[in-house]
Structures are given as structure tokens and as C-alpha cells.
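This report concerns only the one structure given below.
Order of writing sets the chain letters: A, B, C, D, E and F. Residues in each chain are counted from 1.
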Amino acid sequence: MNAMAEPEAEFAVLPGFVAVLRRDLLLAWRTRAEIAQPVIFFIMVASLFPLGIGADMKLLARVGAGVVWACGVLATLLSLPRIFAQDHADGTLEQMALSAYPLSAIAGGKLAAHWLTTGLPLSLTAPVIGLQFGMDAPTQGVLVLSLLIGSPILSMIGAIAAALTLGARGQSLLIALLVLPLYVPVVIFGAGAVESFGAGIDHGAHLALLGAGTLAGLVATPFVVAAAIRIALD
Amino acid sequence: MLFKYASPASFYPLAGKLAPVFAVIALVLTAVGLYQGFIIAPTDFQQGEVYRIIFIHVPSAWMGMFIYLVMAMYACLALVFNTRLSAMMMQALAPTGAIMTAIALWTGALWGKPTWGTYWAWDARMTSTLFLLFLYFGYMALDNAIEDRRRADKAGALLVLVGVVNVPIIYFSVRWWNTLHQGATVVPGSSKMADTMLAAMMVMTFAMWAYAIAVALWRVRGIILEREKNTAWVQELLDRP
Amino acid sequence: MKPRHKRFVWIAAGLAVLGVAVGLVLKAFNSNLVFFYTPTQVANKEVPQGKPFRLGGLVTAGSVQRDSNGLTVRFSVTDTAKSVPVSYTGILPDLFKEGKGVVAQGRVGADGVFTASEVLAKHDENYMAPEAAEALRKAGHPIKGEMFAGEKPVVTQQPSASSPPSPAPAPAGAKP
Amino acid sequence: MLSAAGLTCQRGDAVLFRDLGLELAAGEALLVRGPNGSGKTSLLRILAGIAAPAAGEVRWRASPDRAARQLETAYQGHTAPLKDELTVVENLDFALALDGAPKSRADILDAVQEVGLASRRNLPARHLSQGQRRRVGLARLVLARRRLWLLDEPATALDAAGLTLFCDVLDRHLAQGGLAVLSTHQPLPLAHPARELNL
Amino acid sequence: MNAMAEPEAEFAVLPGFVAVLRRDLLLAWRTRAEIAQPVIFFIMVASLFPLGIGADMKLLARVGAGVVWACGVLATLLSLPRIFAQDHADGTLEQMALSAYPLSAIAGGKLAAHWLTTGLPLSLTAPVIGLQFGMDAPTQGVLVLSLLIGSPILSMIGAIAAALTLGARGQSLLIALLVLPLYVPVVIFGAGAVESFGAGIDHGAHLALLGAGTLAGLVATPFVVAAAIRIALD
Amino acid sequence: MLSAAGLTCQRGDAVLFRDLGLELAAGEALLVRGPNGSGKTSLLRILAGIAAPAAGEVRWRASPDRAARQLETAYQGHTAPLKDELTVVENLDFALALDGAPKSRADILDAVQEVGLASRRNLPARHLSQGQRRRVGLARLVLARRRLWLLDEPATALDAAGLTLFCDVLDRHLAQGGLAVLSTHQPLPLAHPARELNL
């Protein structure tokens, strides 16, 4: 009967984090196409963009960084509803709330998985698109850097919105509404970094701001998401 | 006769026999076509040497469109007669079609720079060709995302059929709209091209055709094995050394 | 109404709607949905006013003049009915030639001159050896190109000559 | 070990139960009975700490700390929490990791065998039949070995053999000092005597 | 027992269409916020746009129509997954397939409801955004007209994609992948109509093409959607 | 009236049943029994024409026309097809319109009363308990009056009173010349003798 003795009130975070992360990555890998989807969407929208404003190369070069960032935001946006929706529908979320680990650790795992399957691949494909807008190699480097530093913020804000809107009808649009205003500053600083670099001005300030956002988010987001999940379950 | 080979079990060995044949044909024709195109065919009176991209560009563009039409035909068969093999053929053809379309886009862009003065313009021919590529991607993504084989097959077939309107648009775009892309050179009856050039282009077309068939047959063999791995005949086949 | 009749009514309605759709498409294709506009359209003011647009046609034979600085080029673009003067500063594509197709992006100034910001060459669909082309030209067979979708064929070599609208010459017959 | 006092559950304007108390010692099972809509599911969710009662308190080992209770609780609702894309084994693997009771593959396979899913162990959960999904839940219960089981209509969709299996598992659990609160409309052929609560 | 006599093989289309349309509108009305969502998203993104490319009024005027159309497309895109997802999850779709009316009539009802709750409100709010881009009243009129004529195509293509991807993972992104290439021509002709009008050229051809697309779609789409639904249920 | 011959159902690699035939005349009920995963649900979906059999044919009134059969079929799966946002009455109203059997509000209220949901008639379906959802389905069956009932585990989640009610309704249906194919793991206290099919 010792297997059912009172568990020590241990405070383990990592195993819960890892379990969820592993599972979500496994799920993504199961439907491999899924990992590719944000990237394909990203490339597609960014390539189609010139259609909207006409293919004036000078204009394109001017808006390049902004477009890449905006398309990245859109791709992220579209991927948000699926962070929690399925776990909610099939009852896994309840089980997570009852898990042996703090719900915040689990939320952290889901966040990490989301970034690894969206933010990271998006950041790494950005140069391809930058090329189309005529960026040179160093600028592309800054673009990737800005995305790597900034995209976790997108995942974090998005996860909060996704958790808050659980069970609401028309979730995907609701998320967009909540999230877009918050994404705007990220885009401004992210694109700003690239543009400053292109203009030969110091771009460190922009990147520093993004980095600060990411770090602050890392500390706070898991708890906010966990709270939002508890609300959704009640 | 035809129906006999419509069953995967009998098509599998047939495909195994045909694939190498077409592969060899493809190799030979490519050699001949490239020789004819790059050594024998004269330079062009307007474009000089760059025009030789034509020997890759046009065949691949044709194949990109043609493979889509073939897929649409299989899609009809799959939806109407519920034949297993046609869905497998669609799945086998799609990557080749996508590659062909990508090559057409790529060579077209490369060719555009020296002749038109730009890699890309959003004219009707180019845009609709780009859509063709996206359609291939869409089909493959859908096929991948639906886990149930039967549903994936049918959904993919429906998508291919819906997208087929794009093919005539590609073909007639140069007639319907003012485009930057040139009009039709090869017109049945009266082609506006020197015979040697035309011959090289046709040889290359047949080479790509043979290549597409060979690759599709190879791929479909893999797909058949994968999908029928639990049937008696595949088990038997695998048990044999 | 019997079920059969009802079904018939629906099918008829569907066909009618499709018919209207086809009519609309035909109407649209008769109109000017274009990658570029022709000089005739410019003359008739059927082009965007005060905004950049693309102008397409043939470079009028003998119209190309280079400015003293060597960078600015002046020529006129024609569709054999009307022509528009164009000025352009920049590098021309290799295939830019008198009598050949061209598509220029820019806008018409107050003086009626089209100031181009980009010039693309639009070559025709004929491919043959240079000698063959020369032979054809000597023989008096103009090489015909279909520059403008749905418009009347344009004679490229001698705009003034009333060459017969013969069936397309068979340059393919000329072997190197 | 589990006790509740003064529980009131209000949904909208309807008060489902008021001032409900219960007391459950180690090795005891409580069958919650009552007509449809009487609040069985609501009660179980309150006991599990997923929903909060309008009034009253739930205690576990005499403490009202929800987190501590949840560490020893296994809750099964109306739907089986399975990922459609993962196989039976993968689902169990993940669920147990989450429960803080990771198990070796051999253990998992044993349990899968016990609940009669050996031939389906690598089938994605989306293809499972309704009863098979329930059986996966059973395997999880067996493996996670939590002390307090809160099961909402556990007999649903199980065939006769499945029901016997479930009762065996539950009897074993009780014999080992476990606790269980179950809602059910059917008679359960339990060897252990169970107390009943009528809502 | 005559209530259970063999039903006449009647061929009724309208009652099925109306029933579904009524229910979907009722559902939308129940969650009133939902009707407003696409519109709010639309206004928000379109207003954020100037932030991306800087508030150069001339530039804005040039891209106005394109931006309005592109934002409309995005708003529509985000609303697509919900057309069938819930009916699929709760089994209503199966019941629809077993209904007394042809599945195509029911698909038609869903299409109409989707357009009435997305395309129509979007079209009617477009002038507000046009204003921000400095459009005059007649141009706004053409903008609304182009949207009214063209947006049904968006709903129709979208419904096909939504039905095809039922039960596929990562549905929202997959829909975007399938749909975007097909939306581009619609945007081109829609924005083209407005731009031609603004430039003083005949814009009838663009509108005619959009109209042709809508009409052809009206005839074909219900059947395609019905076929896709049957596939999803199989 | 309903007959099937040579039905084969294949799911993935597994053949669930092969060459299955059945024959059902007016006023007859067929209980499909079998262990979990034996293909009961699959059989019902094939009979309903939602899924296609790998081989074989289903006939209704001697005709294989699926659409004609569906016009007289009522199918109930594992989940109750209710819209969470609509009330009980609204859900029924819509479902009946779809069934081609629109009913007046008074009729609907009567049926709602009969299945014991009078007090919940204006509650959005999302708040219903599991058994209450099933009862809405029962009301729909009663009102739509279709000839062939295909019910997948209809007793699930119903309390004792609900089960009696269901059996009464079913008996009435059979007495009126209706047909029913049911899958079930529980004994059903039916007055009408029912044939059984073991999968």
C-alpha cells in the first residue's frame, strides 16, 4: 500500500513542463504538415503582398521589414486557437488542472511547444522572404535576430488570449481582437530594429526592448495562463 | 484488360516493370534533347543564346499543367468509381507536378531578367502559374492533414477538381489579357519557331514526360506497399526474399 | 407542382444564372482588364489620370534618341494607330529594339510625354535563326506578332505598308 | 479521509443541492445516485476541485487545501481525455507523466493488455470505439494509483466483460485502502459494500 | 399510422435552406458579439495599417482600396473555421446529412448565413475605413459595390475549404493555405474596380468579372460543399 | 422493410464483420449486441447511410436508394446533436425543421413535458446534464415520427425513470409499425419482443 501513501508535498516543476512539451511536439510531429503550415502561410502571404500594393521595387524595399513582421504576426495569430482548443474539448485540460505539477509549469510547456512549432520556424524562414524584398545578408541577420527575440512575446500574449477565450464562440476572431492591439508594439519595435539597422542607426535599443518584453513575459505568462485556464474550467 | 490493372495487386508488378523502361527513355531523350537544344539548334535572331532556357522552361511548364489535368482525371475516377488506385496515382503525381511547376517558375524568372528586364511581374500568366504551384501545395497539405486515408483521398480529389479551373486560365491568359509573357509559339498547324528548335523542345518534352511517368510509377509502388501492407499479397511479397 | 417539375425549375434557374455569368465574363474580356494600356487608350483618355500605369506597344521605328548625357532615352510607343512619346532615364533591357514590343511603367505629364520609371521588353513569340529572319525579311514576309490580346494584328516591320493579312508566314520552313 | 460539509451547488437560478455533507474513510466507496440533472456530475466536479461550491467546504486528510487533495485525486468525467492523434500507449504514457506517476513501457503494455486493448495499442485514439476509450481510462486509473477516485458514470459504454473488469479493479482499489465516489444509474456488481448518497 | 406512411418523394429545397439559415442567424444573434467580430477586426487591422507603412497620405491613398480588400479577406479568413466546425463536433452535420432536404440546400443555407454575418457587414462598414484612406463618396460607393458583389465569392470558396478540411488537424491554417491563392484574384479585381474608378477608367469589367464569379459560384458551390461534407462524415 | 446483405465493414486493417445480412419487418426491433469494439456503431452508421460499407448493400422498401431511406431514418449517435447556445425548445424546433417535420410550439412543449424537461425548456443546451441531453433526443424521436430508428446505446446516461420512458416510447413506435435497430450493453425492459444480433 505504500504506493498510495500520502505523497510528499514536493514541488516539482520540470517534469510537468517536460511532459507537456514532449507531448505537444510529438503531436506536431505526428501531423508533420502542421509544423510546416505557419511557415508556408508566412511565405505565401509575404509573396502575395506585392499584389496588393503593386510591385514597385522601391516601395517594397521600404516596407520589407514591416511586411515580414506583419506576416509573421498573422501566421502566429492563425495558429493561436489550436493551442488549447483541443485539450479543452477532450477534457485533457481538466486533467492538467488535476496533475501532480503546478498548472503554471504545464502552461509553460504548452507555451514552449507553441513557440518551437511557430515562432522558431518563422524566424528561421524569414531570410527567404527578406530576399524577395531585396534585403542584404547583414540586414537579414538583424531580421532573424529581431524575430528570435520578439516572437516569444507573440506566443505568450497569444497563449493568454487563447486561454481566456476558451469556450467562447467565434474564438478565432475573438483572439484576434484581443491580441492584435498588443501585437502592434512588438511589430513596431521588431520592424524598427531592422529599419534602423538598414538606415545605419543604432538598432540595439529596439532589440533590448523586445528582449525585456520576452524576459518579463517568461516570468509572468505561465501564471497568467494557468489562472485563465482555471477560470475556463470552473 | 484495363480493369485488370486497376487493382493495386496487379498494377504493382506492372509498375515495377515499366518504371525502369521509362527511366531509361527519360535519360536517353534528355541527352538527345539537350544535345539538340544546346549544340545543334541555332541562336535566336532576337534573344541570342539565352533563349535556350526555352528547352527547360516550356516542357516543365507544360508538364506542370498536364500533370494537374491528369490528376483531375484521376480525381474524377476516384470520386465516381471509387477506385483505390486512382487516389494513389494522384498522391504519386502531385510532388512531380509541384516540382515541374516550380521549375517553370524558376526558369521563367531567370529568363525574364535578360529578356524583359525583370525577374517577375504580376501578369496573368505568371500569377496563375504561381497559383498552380499553390494548388499542388494545398493538395499535398490537405492529403497530409487528414488522417483517415479514405477521407483524405476523397477530399484531395474534390480539391483538385475544384482547382482545375485554373489550368485553362493559365493557358488562355496570354490571349484574354495583355500580358508581359509572350503569346503562344507552338500552335497546332503553324508553329512560329524554327524546326530544329521545335524538335529539341519536343524531345525535351517527351523526356520530362517519361521522367514524370517513371517517378510516378516508382512512387506509386511505395504507396501501394504502404497502404496494402496488411493484405495477403503484400505479406507474401515481403516474405519472399 | 410535381417533384420532377420542381427539379426542372431549379435546373433551369441554375442554367440561367450560369448564362448570365458567362455573359458577364464575355463583357469583361471585351473590356480593358489589362497588364498594360495601349497608346490608343491613352489617346482616348481610357487610362488612369494622374496616376502611374503601364504603357505597352511597339517602339516606333526610327524614334529612339539618346540625350547627350547618354542615360536618358526618348522614343515613341505605337500600336500603329496612335503613338505616345516616352522619356526614360536608366538602363534598357537588352531586347529593347526599334520595332519591337515594350512595356513601360510611368505616368503622362502635362506635356503629354510619358515619363517612364521602368521599361521592360516584350518580345514576340517567334523563334528562328538570325539568317532565317533576315531571309524572310528580304523576301518581304513580315514577321507577325500578336502583341495585344484580342486586338487587331499589328504589322511590325513596315507600319505603312498595306501588307496582306496573309496566314502566318511559316518561318519554321526556313532551315538554318 | 474525504469529508465535505455544507456543500451547496447553484447552477443559474436552480439550487441543485443544499447543505450537503459527506464523510468517506479509507477503503470506502460512495455511490451517488439521483435522477437526471440532480447534480451528480456537479458534486463530483466540486469534490475534484474543478468547480467551486456556492457554499461549503471539502476536506482531504482534514485539510481544505485543494492542491494537496488534487495530488491524490483521479477524476473521470463524461468524456475520455484522449488525444485523437496519439496511440493508446502514447496517450497513457503522457497521462501518467502528467499524473506524476510515469511508468515504464512494459507496465503500460501490461495494463493495456489487462483492459483488453492489446490488439489496439498502437491505434490512434480517434479510431477507438466508445467502450475502448473508456477502457483506456481504466488503464490509467490502474496505473496512476491515486488514492481518491471520482468517477462520473464509469459504467457507460462498457460491455458486460468491461463492467466486471471495472468492478474488479474498483474492488482491488478499495481493498488497498483507496476511496471512490461514483455516480451511476446502473447497478454495479461490486464485491465491496458501498454506501449510497441520493441526490 | 398515416404519419409514418411512405413519404412522397418530394423535392423540396427551400424549407431546408430556410431552416438552416434561420438557425444560423439565430445562433449568431444569441452571441451578438459574434456578428460584430469580423467588423471590429476589419476596422482594427485597417486602422493599424498606416502604422506599418507610415502615415504618408499619398501612399495611403494609393493603397487604400487594396488594403480595405485585403483586410476584408483576412476577416473572412478568420471566420471560416467556425462555419462547420461546431456542427461537425456535436453531430449536427450527421443529422443534416440525414435531413429531409438535399444536403446542398442545407449547405446553401449555411453559405447564406455566413455571408449575411460576415460579407454583408464588412461591405457596409467599408466606407468608414475608406474615409481613413481619404476616399471620396463616389469612390466609397464603388468600394461598397465591389465588396457586395465580390464578398460572396469569399464566403463560397471559404466554405468549400472549411468543409474539405473538416476533421483535419491545424484546420485554421490549412484553410488559409487552401483559400488564400484563390482569394487573390478576387482582391485584385475588387481593388482593381475601385482603383480604375478612382483613376477615371471604366471599372465595369472588374465588377462584371466579380459578378460572374459570384453567379457561377452560387450555382456550383452548394453541391461542392455538400460533397465535401459527405466526405468528412464518411 | 429493412434488409442488408453481404455487409462487410473494414476499419483500417481490421475487418469488424464480414458478409453480414439482416432482415427487419415493420414493427420489429433488432438489438445489436457485442463486446466493445465489435462494430455496433459502425453497423448503425452503415445502415443510416452515413458511412459506406466495404462491401454489401442496404435496402429499404426493397430499394438500395440511400436518399429515400434517409428520408425515413432517425439516427442517434453517441453524442446528442444539440447547439449549446440554443434552448431546448429552439434546438427541437430546428431539428424538426431539418427532419422535414416542423411542429407547432405547443406540440414541442408537450413533448418536452413528456420527457421531463419542462422546467429546463428555456435553458441553453450547454447547461443540460448528460441525461437531459439524451432526453431532448428522445423528444425529437417522438416528434419527428420517422419510420426507422437507428439508436446507438440509447440507454446511456438515462436514469431509471428515463429508461422506462424510453422503453415506453419505443414500444409505442413498434406497435405503430415502426422499425428500430439499437445497440446496447444493458438489458432493456421492452414489452415488445426484440430480435438480437450478436456481433
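Following the convention adopted for this analysis, a contact is a pair of C-beta atoms (placed from the backbone, for glycine too) under 8 Å apart; a residue touches a chain by one contact, two chains touch by 3 or more.
Predicted model only: the values in this text are computed from it and were never measured.
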Same or different contact residues where chain F meets its copy chain D, judged by the half mark: same
Taking each chain's C-alpha mean as its centre, the one farthest from chain C: D
Innermost chain by mean C-alpha position: E
Pair joined by more contacting C-beta pairs (B-C or B-E): B-C
Chain centre separation in whole Å, for chain E relative to chain C (CA means): 36
Distance between the centres, which are taken as Cα means, of chain F and chain A, whole angstrom: 45
Inter-chain centre distance, chain D versus chain F - centres from mean C-alpha coordinates, in Å: 29
Junction residues of chain A, two or more chains touched: 31, 33-34, 37, 40, 44, 51, 169
Numbers and ranges of chain B residues touching at least 2 other chains: 121, 127, 130, 134, 137, 141, 145, 147
Multi-partner residues of chain D (each touching 2 or more other chains): 85
Chain F partner contacts - residues on chain D that touch it in the complex: 11-12, 34-37, 40-41, 78, 116, 120, 123, 127-132, 134-135, 153, 156-163, 185-186
Residues of chain A touching chain D in the complex: 1, 3-4, 6-7, 9, 12, 15-16, 18-20, 22-23, 26-27, 30-31, 86, 90-92, 94-101, 106, 233-234
Sites on chain C touched by chain E in the complex: 3-4, 6-7, 10, 14, 17-18, 20-25, 27-29, 31-33, 45-51, 53
Contact set on chain B toward chain A in their complex: 120-122, 127, 130, 134, 137, 140-141, 144-145, 147
Residue ranges of chain B in contact with chain E within the complex: 79, 127, 130-131, 134-135, 137-138, 141-142, 145-148, 150-151, 154-155, 158-159, 162
